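Order of writing sets the chain letters: A, B, C and D. Residues in each chain are counted from 1.
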Amino acid sequence: LGIVSERPPFADYQFGIYLAGLQGELPEHPISAAELERKAAEVMTPEALGYVAGGAGAEHTVRSNRDGFDRWRIVPRMLRDIGRRDLSVELFGRTLPAPIFLGPVGVQSIVHDDAEIATAKAAAATEIPMVLSTASSNTIEDVAEANGASPRWFQLYWPSDRELAASFIRRAEASGYEALVVTLDTWLLAWRPRDLSLAYLPFLKSIGIANYLSDPVFRAALEAPPEEDPQAAILHFVRVFSDPTVTWDDLAFLRDTTTMPILLKGILHPDDARRAIDHGMDGIVVSNHGGRQVDGAIATIDALSGVVSAVDGAVPVLMDGGIRSASDAFKALALGADAVLLGRLYMWALAVGGEAGVVALLRGLLAELDLTLALSGYRSFREVDAAALVRDS
Amino acid sequence: LGIVSERPPFADYQFGIYLAGLQGELPEHPISAAELERKAAEVMTPEALGYVAGGAGAEHTVRSNRDGFDRWRIVPRMLRDIGRRDLSVELFGRTLPAPIFLGPVGVQSIVHDDAEIATAKAAAATEIPMVLSTASSNTIEDVAEANGASPRWFQLYWPSDRELAASFIRRAEASGYEALVVTLDTWLLAWRPRDLSLAYLPFLKSIGIANYLSDPVFRAALEAPPEEDPQAAILHFVRVFSDPTVTWDDLAFLRDTTTMPILLKGILHPDDARRAIDHGMDGIVVSNHGGRQVDGAIATIDALSGVVSAVDGAVPVLMDGGIRSASDAFKALALGADAVLLGRLYMWALAVGGEAGVVALLRGLLAELDLTLALSGYRSFREVDAAALVRDS
Amino acid sequence: LGIVSERPPFADYQFGIYLAGLQGELPEHPISAAELERKAAEVMTPEALGYVAGGAGAEHTVRSNRDGFDRWRIVPRMLRDIGRRDLSVELFGRTLPAPIFLGPVGVQSIVHDDAEIATAKAAAATEIPMVLSTASSNTIEDVAEANGASPRWFQLYWPSDRELAASFIRRAEASGYEALVVTLDTWLLAWRPRDLSLAYLPFLKSIGIANYLSDPVFRAALEAPPEEDPQAAILHFVRVFSDPTVTWDDLAFLRDTTTMPILLKGILHPDDARRAIDHGMDGIVVSNHGGRQVDGAIATIDALSGVVSAVDGAVPVLMDGGIRSASDAFKALALGADAVLLGRLYMWALAVGGEAGVVALLRGLLAELDLTLALSGYRSFREVDAAALVRDS
Amino acid sequence: LGIVSERPPFADYQFGIYLAGLQGELPEHPISAAELERKAAEVMTPEALGYVAGGAGAEHTVRSNRDGFDRWRIVPRMLRDIGRRDLSVELFGRTLPAPIFLGPVGVQSIVHDDAEIATAKAAAATEIPMVLSTASSNTIEDVAEANGASPRWFQLYWPSDRELAASFIRRAEASGYEALVVTLDTWLLAWRPRDLSLAYLPFLKSIGIANYLSDPVFRAALEAPPEEDPQAAILHFVRVFSDPTVTWDDLAFLRDTTTMPILLKGILHPDDARRAIDHGMDGIVVSNHGGRQVDGAIATIDALSGVVSAVDGAVPVLMDGGIRSASDAFKALALGADAVLLGRLYMWALAVGGEAGVVALLRGLLAELDLTLALSGYRSFREVDAAALVRDS
């Protein structure tokens, strides 16, 4: 039952649910990821559901991201004193309560009216770090305010206008974001049949471009303020959103522009990981953008080990893609990830319950992770490596 | 047809069914495990069904326990005189009729009103040994009385109060339990979405704690008897149920407390198996608690060979997890298990038919095991080893 | 279209169907095995369907027999002059039109009123050899008469009464059966949940024991003729049906009793194949009795190569199990089988259309086999070996 | 978003869909292959659907052609300047806009009234080369006229009448077809249960034999013109359609008859690929005729690497079979194909939307291919080889 004298940091959330049950109270939000996803699909518009659930092409990679975890099995160890656990992880000098992030997801206003503000409050309530997307519905500043003293990072869609890029970075620094996560896999938007079938791209409706519309550099480039000529603003957004000609050498610009640690997100090949280190990057996020960019791309859990080997401890390696449970997270951490980022999983929670939904999801996931760590025979993820797993044959 | 002059010990149960069919009688209980499970799901409450059928997390391990058997195929041998078979197995000096146990399953009163009493009577009727759970609905003593002279073992959830542990062990010894099975994988209760969705934990409703409420040491620690203050008793149960700080060295306490053979249940890693022998343990149960503790844990049939190799015959190795048929049991025994334990399978039978349901299940399973042994070309499981199988490629 | 000047022996059946289509005529019986099975399930009684479709245990082996063929892929060769093909195969001095047999299936009267008589006529109409089961609904003699000059073999369930065995063999010889197929895997009837659920065993209702009731040795052992005391006859049948104590040395009895070639059916292990040759046997049928005896047994297509290697050309190796199409047959033949036997497939055809159904099935299968051979680049199965396949990775 | 200053050649089709969506316009035809197939199945007759969707036997190869692509995963590379891409490919001295062909599919009039004329116009509109089938509903000349200056090849079903073969070739040359694709795998029509169940073969109804009926050599062999005695013409077609006795040496006839490059279609074995080169052939199409000829044949994506290795750059290697998306095409190209041919995929588009449907399919596929190339880190397929993939383990 785990309700021993020394309370574990997260696992007692579970006991609270059972205690409430004695009073006839059932959990307000779904406990299992599958049920959460089902319920989210009920409450979301078809456009929003397609945008969030969908991926590139026939969505092979969306599925293989999830299925890839099945290739690995945990071999729990016994009799090791797992009375007290410590899930904390240290990244860039900051101690985080657990190796779990709310990953960067754009345009959250299509999921829930409270959008990134709800996410930021849920992150603060649980002290789980969030990564704000450039393409957020709420501004860098508003999200920071909602997020308070909680740790937060900023994800950059690197614009073709470098002044705009620098402006985004300055605003993030000024608002207390502590690291910069540069997305490398979305210089072009992929072929996404669900969105195309509905001819739905939220940005063209001015959704998810709050950071652009509020940016002094962006506004200075417009002939009229976006409030007066919204179409021209959208067109300018389309023009500056991305620069597909960027190469490794251009990273020097980012390095010169910020003192924040810089992580490259979208690395899947070991050689690219090595190159990131060679270019002075501070971290890597193994990611295929949730299967939203290259259909048929390698599952991130399959790409992880190669990247971890190549990096060989030089910088932190995070990963996202397909994480739906503490078991998935445990496997990624055992294979060498320093932390994992959630994506769709917390979007379902946001859709279903707003801030409270995300809090409930996180408390449950943290409890499950705490219990999985303990029941596998470990007190800290610092003790867990690939020896905790066997490959499923 | 197998109805030859020398009657086989178990297979003639089959002929009885066909003979009854001539009189128009159909079997009262489902013959196949799949049908039994379906029927059980109809008669159980949602809470009980969720508690018994469910597992940790997304129930990957619940499924892989079962699917793992498909990796192995039996290669039957021909023309070997299988007229008389002997399924008996000797364990700790006791000859058991077959290498099949009714494994420890708690709170059976949620499955059927007759609970462990029905199980004990069914065990006695078939001479199949049972393992009583600490978390039983009926007391050690009442179950022993119902079980009579039939062989029985006691499963221990090792409490944090060592006096209570010693008291349980003394009671088991006094009631004729012949071995102690110590569960190592449940110091904390895992994250089980089905139970959490219903906020259902039977123990908090005083179900499945009969051995505690009836125990002199437990009662002595209460300010008022549980009959007067049941809430305080439950709270004390929660407090003493488990000690997650237990380590290998603590096994000396058990060794000193009982002369019964001690088996460690929950071993999955070969190194832990070796360590168990080093600590003087008398047997091992390869188990992942039916996929109820660590989701994503290795299937027990996959873990078995490694443990058997590590143990190298020093002590008996039993296993549970996913056994739904004689074919499953045959494979586990061929891979080196000395016996297998049933769990959910007999819970479905208990739900559907109480004592009679369990008896029917066991007679059918024994008949099927007898036939499978014979038709594979063997007269005894002592002749069966991994050479009887091929790995499915 | 294959309708070239030199008509292929079997493929023109296809053209006939298309020509009939021009007149608005559709094939009377299903073309595909899947549709044939579906339609058969509609017309059969639940008892007959369960008996024929069902297998041992959870029917893993029933399924893996079929699925096993998917592990192999044909690599067709081009530009090899496949204008004329010869599907014939020589076995025991007899030239057979194709390497296809109607395998031994008992109690066919539960499938269709015309039972083995329909099968024998269909075999004769196509010149495809049949193997009559000891447990047939029609007698050795009646089936022979219906089968005429067509090649036929007799399958023996070796009774415990050797005089009866010798009598069966004498009758088969006298009726023109040309080989003896001794079943080794059914000394005991397996645990078959579908039959047990219906408490249905046809033999106990005097179905499928025609050869016993008509046998002079069998009748001489009865106090009253079966027409007067059918129950006593059934009981005697149960008593003498099988002798599970038979071992390799007992094969000398068969060798001494008949001059027919003797094939052992049920061999799955290479060592048993070698032993069969050492004991002077004339052929082997790799079989697991259609998954009806040992659930979890190796699929026959998986067992085939090992047996073929062990036999190394010394005697013919046939196989059955899971053949549903010419593609399956091609793979088995490429892996070294000299011929394949059909079981359930022709039962579905018998159920759906009696004699005409079986003829239609065979003509279709032969056409498909002829076309598959040709389109793979071969003119005869004598040219086809494992080099025609690749293992699916 | 990809809408940067330097417009990519194909990807901007995507943006057009989103822009139209702003006006409330949804794409007229399905975006995803799965949806396209569903919709096509609704509008086609059962006979046409069976003919196009169906394959040989139990259609294992139809499925494995598609599933085979899942064995490979793309490992995208980052930061490589993918601002401008060039999808063009040079084949036989002609620069083609992309390595995509409309493969040879016969009797398109059963799919859509506009048949091959629609296909030819769609090909011209997109500059994608088409390969016209000998068994087309429209004549070589009419298709050429509709196709205009766009590149086109002619697929030959090599008739038994060599004069007729030469006549087809002459007509193709005269009408501007630039290469000859000789099908090697259809000397006989395979066993196709869907067509046989409906007794449907379009050619016997004079559908799909336009090139024969319009051919001077063919007509000269008839006693009466086909307009007067259509049955006799069909019979003659059946007689001359194919010559299954053709062998490698006969290729000299083709070589002597045309100066067009000759590609052999249907090669699956490396040895046959080598032999094609030895016989002076100019290219190879790895194909199993869409699983329509040998059920159980190796998937073309599985056969590709062996053929590519054997050919070792001597001649171009194309492939067809199972291509349903740009991701599939990317994998085939990475494994060494110089181009891929579409089959059923564009039939669904033709069924749903005629010429416009095929144009929409191609524009979408080209956009997706352009994006997949770019997002995988490449600017040209000349840069892509097997190092872009990993085998799924």
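Note that a contact is a pair of C-beta atoms (placed from the backbone, for glycine too) under 8 Å apart; a residue touches a chain by one contact, two chains touch by 3 or more.
Being a predicted model, the structure only gives us computed values, none of them experimental.
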Homomeric contact subunit A-subunit D: same or different residue positions, threshold half: different
For subunit C placed onto subunit D, the superposition rotation in degrees, Cα atoms, nearest 5: 90
Inter-centroid spacing, subunit B versus subunit A (mean Cα positions, whole Å): 42
Sequence positions of subunit A contacting 2 or more other chains: none
Residue ranges of subunit B in contact with subunit C within the complex: 1-5, 8, 11, 14, 17-22, 25-27, 30-35, 69-70, 72-83, 324-328, 330-331, 364, 367-368, 371-372, 374-376, 390, 392-393
Residues of subunit B that touch subunit A when the two form their complex: 56-58, 60, 64, 71, 160, 184-185, 187-191, 193, 195-201, 203-205, 238-239, 241-248, 250-251, 264, 266-269, 271-272, 275, 288, 293-299, 302-303
